[in-house]
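One chain, chain A, links the two complexes that follow: it is found with chain B in the first and with chain C in the second.
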Partner chain A sequence: MEEPYEQELKFEEVKEEKNIVKNTIFWIFKNIKFLLIPGSRLEDLSRREFEYEKTISKRKFIRRLKSVLTILGMIIIFIIITFAIHGAWIAPYTREVANGVLTGSWDPPTPSNLLGQTKFGRDVLSRAIYGAYSSLTIALPAITFSVIVGVIVGMISGYYGGWVDSVIMRITDVFLAFPGLILALVFIAIWGQHMEYIMLAFGILGVPYYARLIRGSVLQARELPYVEAARVSGSGNWRLMFRHVLPNCIQPIIISFTFDIGGIILSLAGLSFLGYSDMTLIEWGNDISVARLHLTDAPWSMFWPGIMILVTVMGFMLVGDGLRDALDPRMKNL
Partner chain B sequence: MDSTVKKKTNAGADEKNQTDSVITGISENLLEVKNLKTNFYTEEGIVKAVDGVSFNMGRDEVLGLVGETGCGKSVTALSILRLVRPPGKILEGSIMFDGVELLDLTDEQMREYRGKDITMIFQDPLNSLNPILQIGRQIAEVFLLHQEEELKEILEKRHLDRDKEKQVIKDLEEELKIKKIRLTKEEERELKAEIKNLKKKKTKKLSLKEIAWEKSEEIVKEVGIADAKGILKRYPHELSGGMRQRVMISMGLSCNPKLLIADEPTTALDVTIQAQILDLMKKLKKKFMTSILLITHDLGIIAELCERVAVMYSGTIVEYAPAEDLFKKPRHPYTKGLISSIPSIEKRDQELLTIRGMVPNLIYPPSGCRFHPRCDYRLEICDKVRPNNIEVDDKHFVACHLFDPKYKNSPKYQ
Partner chain C sequence: MSMIKFIIRRLLSLLPVLFGVITLTFILSRLMPGDPIIAHLPKNFTEEMYLEMLAQLGLDRPILEQYVIYLGDLFTGNWGVSVTLAPGTPVWDLVLERFFRTFDIAIASIFIATFLGLKTGVISATHRNKPKDTILRGFALVGVAIPVFWMGMVLQYLFAFQLDLFPGIGYKTAGIGDPPVVTHLRVIDCILSLDMVILVDYIEHLILPVLCLSFITLASITRQTRSSMLEVLGQDYVRTARAKGCKEKDVIKTHARKNALIPTITIIGLNFGGLLSGAVLTETTFNLHGLGELLIVSIQNTDYWVLNGIVFLTTITFIVINLGIDLIYGFIDPRIRY
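Let's look at the complex of A and B:
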């Protein structure tokens, strides 16, 4: 009886030796998820370490961002940013050619111009790709400007209160009384149709909005016991404002930051459509404005820039939505 | 002790105060509050939250401040820290802390005192920690705010040690280079192994922050948290109420303050945790020699912890006595009422005694003695004249006309 058993053992040993390579590969595949998927853990951890890892991984922000629409939005944003940075490599024509004067205005799609030609024979595909650059370079600095200035102004207003608050809030009231696009038109009429001024106009327009947004949460947060506790331990006003109060009210700002990038791209397109932007720029709103007279005979020249605007704005909105769900779960079902 | 007091005084007024105190023999007091008045200017009227409060606190002493809700206990504490927010304002009075008049300091100077010499623990430990900062960061912040120079000294020391270690390794390496030809293979191998070992042991380069974290770890261990290192990396929501209060206490004690104001430190905790926290405070008081101003409405806690008690009623201190005296022989009618209204298991069949009437409105407080509308022993004089503090026993002060020899013959109110 003993011999077969021993043989079996030997057989198994041999088998194991043979499978060393296979085992290592299997082990790598088994363990690669620990690197890639947050929340997975190594099995030889002690119990305390395990608990610790678990709480850490629960905090993983990315975990809550996992939803199909958010990932779709991220992919869209990634593509748009790629267009903006590497447009010259992706587009079939150079920037000069795409913005130059050529033959064949309003020609339908051909193999050399995949999406057709617009006014002065410019390539629609190239212009659609280069358009990302001007949209992002106007929207991002503008929104960053308004967030930074708005947060500082709103923070001071909400934290100090009293007459400082009254003065700042009345100024924001004045700004908010005008419709945004009209005020932008006024600024551009005063300063001129240059990219920097359009940027600045949009930046200034966003400031009162963000100031209001953060003031509301600061008013709430500054009364909380932990702010008082921090004050008791000897923190100064600025430390209290930017270390203890601000991080607790920054969430709505982050959310509306992403939302508003889409909004600014949209209003920039609107402004260009009205003819109030820099006409030398390659910009989607410009293209639509130029092509709108030829809607019937050359629909492609208007369709593709429109699609680009739609997709870009949607991408930022989706990410904003996902961020809101991740940061503020109470709002998820609203 | 006097020399430290002298160092901190600078102006003439302080000197005068100091000589006064030397004459009366109370220079040992850590905190002297005299005739403190704090008002809140609201739309309905002026709320006299603290109206002429005076008390002294010795070094290494626990003083209890008892009173009903809304009688001005917390406002007194906040006034000492000068943290009364508008519309509140400290109207007059003097707060001498360790020979320095706190009310004369600028905001910058006052900030130096907060957290370093005077700290406060709040009644709500659940909300007193910043929810988005790790515990360790919050404790380390106190160290970085108040003890930066000491931390820097430690850091320099560590860096020197590290340089020494580096030098040893370098020397060994040079030795290896020079003697390489003469050494046998085994000796060479040994030397190399030694260098490798030393390199492994070499301490990392530390920053100021890391040293602050190390100190935080020490102080957190002090308050009876076993897994100090793990706790420091946690966020407040991951801790229980008792744990959070312990962390708060450790934050308060981190800079070894002279005065700790505990504003109802056990109110939000259940009874077993309460006992633990009180024990902890007792132990820490012995270890760090900190004076504690304990604000509470729980007479049980007072009996447990305090040496002296001040009973507050409607913005004034009505009785001020050693704790034992107060419980054995309460003099003021209000104190009597308070002590007799403690439910007792022996008097189960009797009805619980209460003080009749309502807490007075602080906007229109009663004239004269503020307790007279509710007092059972009321004299005719009570609603006309404000009572003075009368020393009825050794260190036992009562603000009541019943014990004033001046009004001995005053008729009883009908």
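Let's look at the complex of A and C:
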């Protein structure tokens, strides 16, 4: 037993020795220009200074983010994501049972159904937990789609300007003038009530909004001297757009992203309330709409899905608020 | 004079938007599944009846010709007749009645929300990170995150079914008639015909939906006012005003609040436009027979004509509200020139 252990030790020692040799050679190679070229050390110093500033600003950011409300929001989001991924471990009934046709119906809370029963005797508590899955799986891809497409469209529009800009902006105007929920509803009516189409409908709805958002900041950023410098040093249009201008405009997008996850979960619930949802999914809005006709005799079946929506959306909004306070340069002095 | 010029220029620049929305509606309505004619005809219809109906509605023509006719009809005010929803009723009458009901609710909610929201927002900003601010922020956050329809149902359950204070559903009690139509605004019609019973009944029915909508609008106005007030309070001129010895009340009222109003007005306008066109959920919850509900029903029944009429009307109101906001900017901030 001991022999291999010793061997291992020896092996490590040898390795370390090798490493030391390697490191010294490396150090000489790395610093040879300091030894040869006078003044070149300054570059390194300024780089270190930059890194130092970076860590400082990162620490400041984290300190500003560490408010009670933001942490509360993060905890809520964490819980909801846990519900979405591991719902089957937490909920008292399996997904099939919670979505199946059972014997009871609209029964008040009992020890076996802690929050009561809804249509077909389904367990309200289980459905409230499983609902997290469908909300998040629809909201996250939808918002990612709108951010990616919106950023590309808005970037092109803001960067090139001229007639490209005015055409794109007129199209976004049209979409923004149209009531959003109605547009989603019409899209879903045309394509059919499937999860993927609902995602796509919400994704398309978000595009003009994000295009608008990023266009505004691109218009400001592209006039900055460092962009000019990058252009002079020979960057192409695409490199300029996505390596130089985009990082400077990403902050409002990040803030809006967090808010909009909540917003989409809310509109999704509204859409399912109107009856436009994927009926195979367990979905909070749909549960509320089903329970609406039994408001007087089974209020519990309406109450809990709504609380879940409220808490989830609040979690995302709290984190969005926290991010905005931490990132927004205008608020720094306050 | 410059103002009139500004209005005209603004309206002209919004024409493409109007045109785009109308075109989009046309395309979407023709893409929608379902055939209005089959829905309209009796179940055992013959092919002859179908073709006759098709020709009568103009749906047998080429799609481009349909589009041109549709554009002409919209702008000349000939919005056609509802086919599947309420067969034979002119769309104009149908839409107008619903529009004014939604208008009543929207205007009441926006007034309450603006009046309170400006106050709560300013209080929240001036008491930053104090208990008052925390409470108000909490309420505003709940208002932004709450699903409207769910809140409506909770209010219905509490106030209508449990406490029996207000009627929970509809806009009038069964058996109560309508006042003679003069202005289409039910409140004014009631006052003109001196019919207090109908008026009281109508207002009782509107309390819960207005409470619901105004809470949500109030929340977003409070949040916007708070953040723009905070931004303004950090400005140099506020410090100058304090340094020269202005009372804190005057600093807030005249120096800070006026400058914080511009973004808030934008949010108020957006909310008002949203209430006029998109109060679908609340109207469905309270069964109010408003414009949004009509829109949903017209989509479900593939009634192109009603759908087009509603979208045209809501887009026009959207444009008018936007224009109004631009004009209000000038009154609040005289530096803004048209």
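As a convention for this text, the second predicted complex is superposed on the first by the 268 of 334 C-alpha atoms of A that agree within 3 Å, B and C clash if a C-alpha of one lies under 4 Å from a C-alpha of the other, contacts with A are read in each partner's own complex, and residues count from 1 in each chain.
One rule holds for everything that comes next: a residue touches a chain if its C-beta (ideal position, glycine included) is under 8 Å from a C-beta of that chain, and two chains touch if they have at least 3 such contacts.
This is a predicted model, so every value here is computed, not measured.
Trainee: Do chain B and chain C fit side by side on chain A after the overlay, or clash?
Mentor: Aligned through their shared chain, the two binders fit side by side on chain A.
Trainee: Could you say whether A:Gly150 touches chain B, chain C, both of them, or neither, answering first, second, both or neither?
Mentor: Touch status of A:Gly150: no partner.
Trainee: Going by the touch definition up top, name the partner, chain B or chain C, that contacts more of chain A.
Mentor: C
Trainee: Going by the contact rule set out at the top, does A:Arg170 touch chain B (first), chain C (second), both, or neither?
Mentor: Second partner only, chain C.
Trainee: Tell me the contact category for A:Gly234 with respect to chain B and chain C: first, second, both or neither.
Mentor: first
Trainee: Return first, second, both or neither, reflecting whether A:Leu318 touches chain B, chain C, both chains, or no partner chain.
Mentor: Second partner only, chain C.
Trainee: May I ask you to decide whether A:Pro179 touches chain B, chain C, both, or neither, giving the answer as first, second, both or neither?
Mentor: It touches chain C, and chain B stays clear.
Trainee: Output check: A:Gly116 vs chain B and chain C. Expected answer is one of first, second, both, neither. What do you get?
Mentor: So A:Gly116 meets neither chain B nor chain C here.
Trainee: Could you tell me how near the closest CA atoms of chain B and chain C get once both structures are overlaid on the shared chain, in Å?
Mentor: Once the two complexes are overlaid, chain B and chain C approach no closer than 19 Å between C-alpha atoms.
Trainee: Of the residues on chain A, which ones does chain B touch that chain C also touches?
Mentor: On chain A, no residue contacts both chain B in one structure and chain C in the other.
Trainee: Would you pull the chain A residues touching chain B in the complex into a rising list?
Mentor: Chain A reaches chain B through residues 48, 52, 55, 59, 162, 224-226, 228-236, 243-244, 247-248.
Trainee: Which chain B residues qualify as touching chain A in the complex?
Mentor: Against chain A, chain B makes touches at 81, 83, 86, 111-116, 119-120, 122, 124, 127-133, 141-142, 145-146, 227, 230, 234-235, 238, 248, 251-252.
Trainee: Help me check something: in the complex, which residues belonging to chain A touch chain C?
Mentor: Its residues touching chain C are 170-171, 173-175, 177-182, 185-186, 189-190, 262, 266, 269-270, 273-274, 285, 288, 292, 295-296, 299, 302-303, 305-306, 309-310, 313-314, 317-318, 321, 330-331, 333-334.
Trainee: How about chain C: which of its residues touch chain A in the complex?
Mentor: For chain C paired with chain A, touching residues are 16-17, 20-21, 24, 28, 31-33, 128, 141-142, 144-151, 153-154, 156-157, 161, 230-231, 234, 274, 277-278, 280-281, 284-285, 295-296, 299-300, 311, 314-315, 318-319.
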